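Here subunit A shows up in two complexes: once beside subunit B, once beside subunit C.
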Partner chain A sequence: MATVTTNPVGRTRPADSPRESWSEKLGRWVFYLPLIFMVLFFAIPMAATVVFSVFERTMFWMEPGFTLFSYENFFFSARLTNFLDSMKYSLIAVAICFVLGFPIAVFVRKSIPQVAQHRVVLLFILPFMVSEIIRVFALRPVLQRNGLVNTTLQNLGLIDEPLTVLLYSHTGVVIGEVMSFLPFIVFSGFLAMEAVPKYIFEVCDDLGVGPWRRFCDVILPLAAPGIFAGSVFIFVNGLGVALLPNILGGPGAVNAGLIATQAITALDFPLAMAVSAIMMATLMTLLWIGHRLFDLTRILSPLS
Partner chain B sequence: MDDYANPWLHRLKWGYLLLVVLTLMTPVFYVMYVSFNANGFGANAYDFTWEWYRLVFSDELLLGALRWTLMLAVTVTVIAVPMALLAAKHYKATRNKLFPVFLLLAPLFVPPDILGSALLVFFKNLNLSLIWLGDQLGTSIFDSWFRLSFLTAVIGLIIYTIPYSFIVILITMGRYRPEQTEAARACGANGWRAFWDIEFPQIRPGVLSACAFTVILVFNEYTRTSLLKGGFDTFTTVLISQMLNTGMSPQSYAMSAMVSFVAIALIGSIILWTLIRAETLSRVARAKAEPVMS
Partner chain C sequence: MTKTPAPAVELRGLAKHYGDVVALTDVDLSIAAGEYFVLLGPSGGGKTTLLRTIGGFHRPTKGEVLLHGQEVGHLPPDKRPTTMVFQAYALFPHMSVTQNVGYGLKVAGMDKAQAAEKTAAALEMVGLDTFADRRPHELSGGQQQRVQLARAFVLDRDILLLDEPLAALDAQLRKDMCLELKHLQEKVGITFIHVTHNQEEAMTVADRIALIANGRLVEHGAARDIYRAPQKAFTASFVGENNLLSGRVTETAGQTARIDVGGTALRVDRRGQQVQTGQDVTLSIRSESVALDTAPDTEEDGTSLVGSYNEAVYLGLTTSHLVHLPDGTEMVSRVIADQDDMMPAAGAPVRLSWQPDAIRLHVE
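So, the complex of A and B:
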């Protein structure tokens, strides 16, 4: 069994083992196993959404065919408005997350000793480790009419009437997005700041550069790939996580994820696949633009 | 202007950091607080009670769900973490890094509902075509391969958890020096022994935290599990269906508080364990280094 394989062309082997044993050959192929798995069960299903989206809808399932009915259903109805609206609010959430979260990443990299940095970042894993749905659901009692925020503000005497815009509205969805996704901008910012050496801060001090210019001209270009990855993550999840508008949103707060799950509940599978295909196209375009601009593999380069 | 010139600014930044963490945790703490209230949410009086927790543990449905969840978590961990390890080794060795990085990190960017529904339709179609193929060949052995079941849920969750394990393992691998493997190979060890005896002990913390990550992610996951599961329920799906259908009962507050307690205890003990371990290791290293130094 050990001698059936022949030496591949163009590959040099040590002199004492002229032929690869079957276990060595297997050992080389086993490293491709995760990639094969991901292609089979991730890349192919994602690409297949495009194919399934043009199938014809039947009563409970779908049958092969070619129709653009589900795209028509998406683009010429209130769904498109809702989708564009959710894009707008998702962008707002990205901006808020960046403003609140990225300074933390800079601070951790700049002012905390090297050995302690990872532990400080671990603090942000703590809320993220509690189920996202429980966290989002727990926002209801916090933001409700008689919830934590309103009672606290009323007890402090800042407001007379309880605020009702906090929940079951677009504001509620944005609050939920910021609360769920803020840790991610801290993580990606922390990884991105690896590209900014610590002496940069000293050089800037020596050259008399103010914090604002230092941020715009030095930190931002160097950390751009990580910031971009984090922002895309938050933007796409803001579009795609159905539970946020489902639990916190009011009338009109519908995003792509909710459209897809509602289509599945209504047994309109082609529509769900069309929404998925549109989301995947959005994501791929964003990632492609990002890769063109900043070379996204740079994010992982400090690790290798 | 450095931080030592103005210690108050430094403290202010620390305060801001902790405030953000605390704000993110507020809903969780609030749920824990409510879960001990005998009168439920929104009541004027607060009476401390364990009653809701007792009710959770006497519920047969929930205990069954807990068993399924644990089985799912263990299966996914056993498959996903070694695969992430293989992928990380492959990533280190290969020259064309774009393709593996794209494949392994893209699932992070795909929202749960989109991934879940795409996989759901894919599996259903795959199942139908396998049944058709079986009919043509006159066998029925393909019929239940990709019917929605434990297997499909496991596949969906592996795709979800692999990126996290991959990153965690890659971070710890960054500290390993590949010259050690070369030295081991030069001494006559084969590839597996060089990995198992030299490299693995050094990346073990990363592998263990990848396992912990995976277990907690599977435990908390709702959307993908509920779309892809067959005829069983996990802890979270029971909880969410209760929440969405009957509204929040005091019992569901107790359940979510309990899940949070377990997750926080797990993460807390991992952090403590790594801290203590790092401390012991550095003490051992110092003790070894001392005679040489003097």
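So, the complex of A and C:
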């Protein structure tokens, strides 16, 4: 305030330097908290993953250096085939989730009264009340050789020999992925349908737009960003969640997450880091493509 | 019967129930081809339900909908000769103006060149030919409604249903669009059925008006008749600014009835309605037909009432003088503001008078 007293009489304090109370100052800093959090617990560890992936492997840990041995180890071994296979089966899981889950989302938006919609969607959270490991493990008695599915099919006389492809195989992993991740496509589909105004259906009725056309020409383009976001989520989890192939998979039926976990078990930390870095790169490429195609920012912006 | 062309729309004993809620009941109505018809009424009165039933978006609970003499109760919206302009700016957000207008033709499988030609012609008709490549969010509300009109016109269906098409527009734009709608209808020559709760909008566009309230068709007729000579007290309360007086019949002589209103005897033309002595009736008189003067000491003449002056409400073009009758009823006399130089004091006795044919009797 000393400057004010030295000013000529009649001049007031410049408008651009109002005094800030400490709570205003704090208020400004609160906005940086998420940023600090993300840098500390996301950006730095992610960068470290890339850095560690080129370190030299030692007996129990690793030491600074630069070698692409881990990447070589990944790309010139069965790991690459396994990784590409897990991408393929993740895609299949995404497709199945979409076919099963998106119609549910459309149905909830279109045919359930507004007040009840959120409650219906909440029902899909129920499976998450049970620990994932138990949920996934519980699939074993259903899918195994003398499990529920096989016994039922045999008793109905539909098959003579029990189906062995259901468990400890890619099929088992895909079944587990669909079961675990279906709710996500329902959620994201439900949100995506927010971009599809209800009047659209009446306009379609009036113009005589059939169901298939309606889906391709109207619902899909409008809901695309949301559907893509849900699909990426499922795809990335299909690649990364080690638990599913660990419990339901078998020889060859692994995913990137399990490859990394196995590398850690074998105390090959640079390899684990390299696998993680490759997964990250895959995800970022996917997001970039998605953003170019659909402008993902539209997911969060209401239509004008 | 077969010689006269069938009306564009004919409703017979139409009713629509939602569970126990009765949205529409006993609607009989006939709308001629090429007419601009307005369904007017308060919100929740059933007018939109009626429009949607004509369009095929609802199935009626009872009754029949005939379009050009054909029963259409079983047909979906796109198989009817009707098309709808919705209240919300109901356009496909991801399509350009041209794509929006042409989509119906594309769905119908029309040849591309022909569809493009029709689309361009429709856009020109609604004055949007220079906006063909815009997206809906780049258009104003009025422009978006024009796109809806163009989308409806290209389909070549000859009954256009408009569900509160101007409700989301601001007042000035609404006035302009009203006139434009009227002119478009004259140009295109198809039947327009327009739902609104705004009586000014209704008056501007309508050839004929039907009043819908509480799920019933209250009254229908030419726009002027509805305003000048409403049959029902409800119509009088909803259209124009009417003073409603309740009274009791004391005597009938020929076409004239004597009605006692708060102790004053008034003379009213029965206009063919049957009334009995002692019956409770409603009288209505438009506020602009009521003259105000400060000489209340003249004797009762059957076309005037005495009350105490309350206040004046200046409305620009007109001024409304509010007067309390002895029984507490409020009456309004509306005069052109600039002619007004007399301002009685609040509570001063004043006389309200009118021409004998300005007051109407409603029996309900």
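Quick note on the criterion: the second predicted complex is superposed on the first by the 284 of 304 C-alpha atoms of A that agree within 3 Å, B and C clash if a C-alpha of one lies under 4 Å from a C-alpha of the other, contacts with A are read in each partner's own complex, and residues count from 1 in each chain.
We adopt the following convention: contacts are C-beta pairs under 8 Å (C-beta built on N, C-alpha and C of every residue); 3 or more make two chains touch, one makes a residue touch a chain.
The shown structure was predicted, so the numbers you read here are calculated from the model rather than taken from an experiment.
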item: Subunit A as common anchor, with subunit B and subunit C clashing or fitting; value: fit
item: Contacts of A:155 with subunit B and subunit C, given as first, second, both or neither; value: neither
item: Between subunit B and subunit C, more extensive residue contact with subunit A; value: B
item: Which of subunit B and subunit C A:213 touches, first, second, both or neither; value: second
item: Contacts of A:205 with subunit B and subunit C, given as first, second, both or neither; value: both
item: Subunit B versus subunit C as contact partner of A:137, first or second or both or neither; value: first
item: First (subunit B), second (subunit C), both or neither touched by A:265; value: neither
item: Subunit B versus subunit C as contact partner of A:221, first or second or both or neither; value: second
item: Partner chain(s) touched by A:287 [first = subunit B, second = subunit C, both, neither]; value: first
item: Superposed arrangement (fit on chain A Cα atoms) - minimum subunit B/subunit C Cα distance in Å; value: 7
item: Residues of subunit A contacting subunit B in one complex and subunit C in the other; value: 205, 303-304
item: Contact set on subunit B toward subunit A in their complex; value: 1-3, 10, 13, 16-17, 20-21, 23-28, 30-31, 34, 41-42, 83-84, 86-87, 89-93, 97-101, 103-104, 106-114, 117-122, 124-125, 155, 158-159, 162, 170-171, 173-174, 191-192, 216, 219-223, 227, 236, 239-240, 243, 248, 256, 259-260, 263-264, 266-267, 271, 275
item: Residue ranges of subunit A in contact with subunit B within the complex; value: 24, 27, 30-35, 37-39, 41-46, 48-49, 52, 61, 100-101, 103-104, 107-108, 110-111, 119-120, 122-127, 129-135, 137-142, 146, 148, 179, 182-183, 205, 232-233, 236-237, 239-243, 256-258, 260-261, 264, 269, 272-273, 275-276, 279-280, 283, 287, 296-297, 300, 302-304
item: Subunit A residues within the subunit C interface of the complex; value: 195, 197, 199-200, 202-203, 205-210, 213, 217-218, 221-222, 303-304
item: Residue ranges of subunit C in contact with subunit A within the complex; value: 55-57, 76-79, 83-84, 86, 88, 90-94, 103-104, 107-108, 137, 151, 155
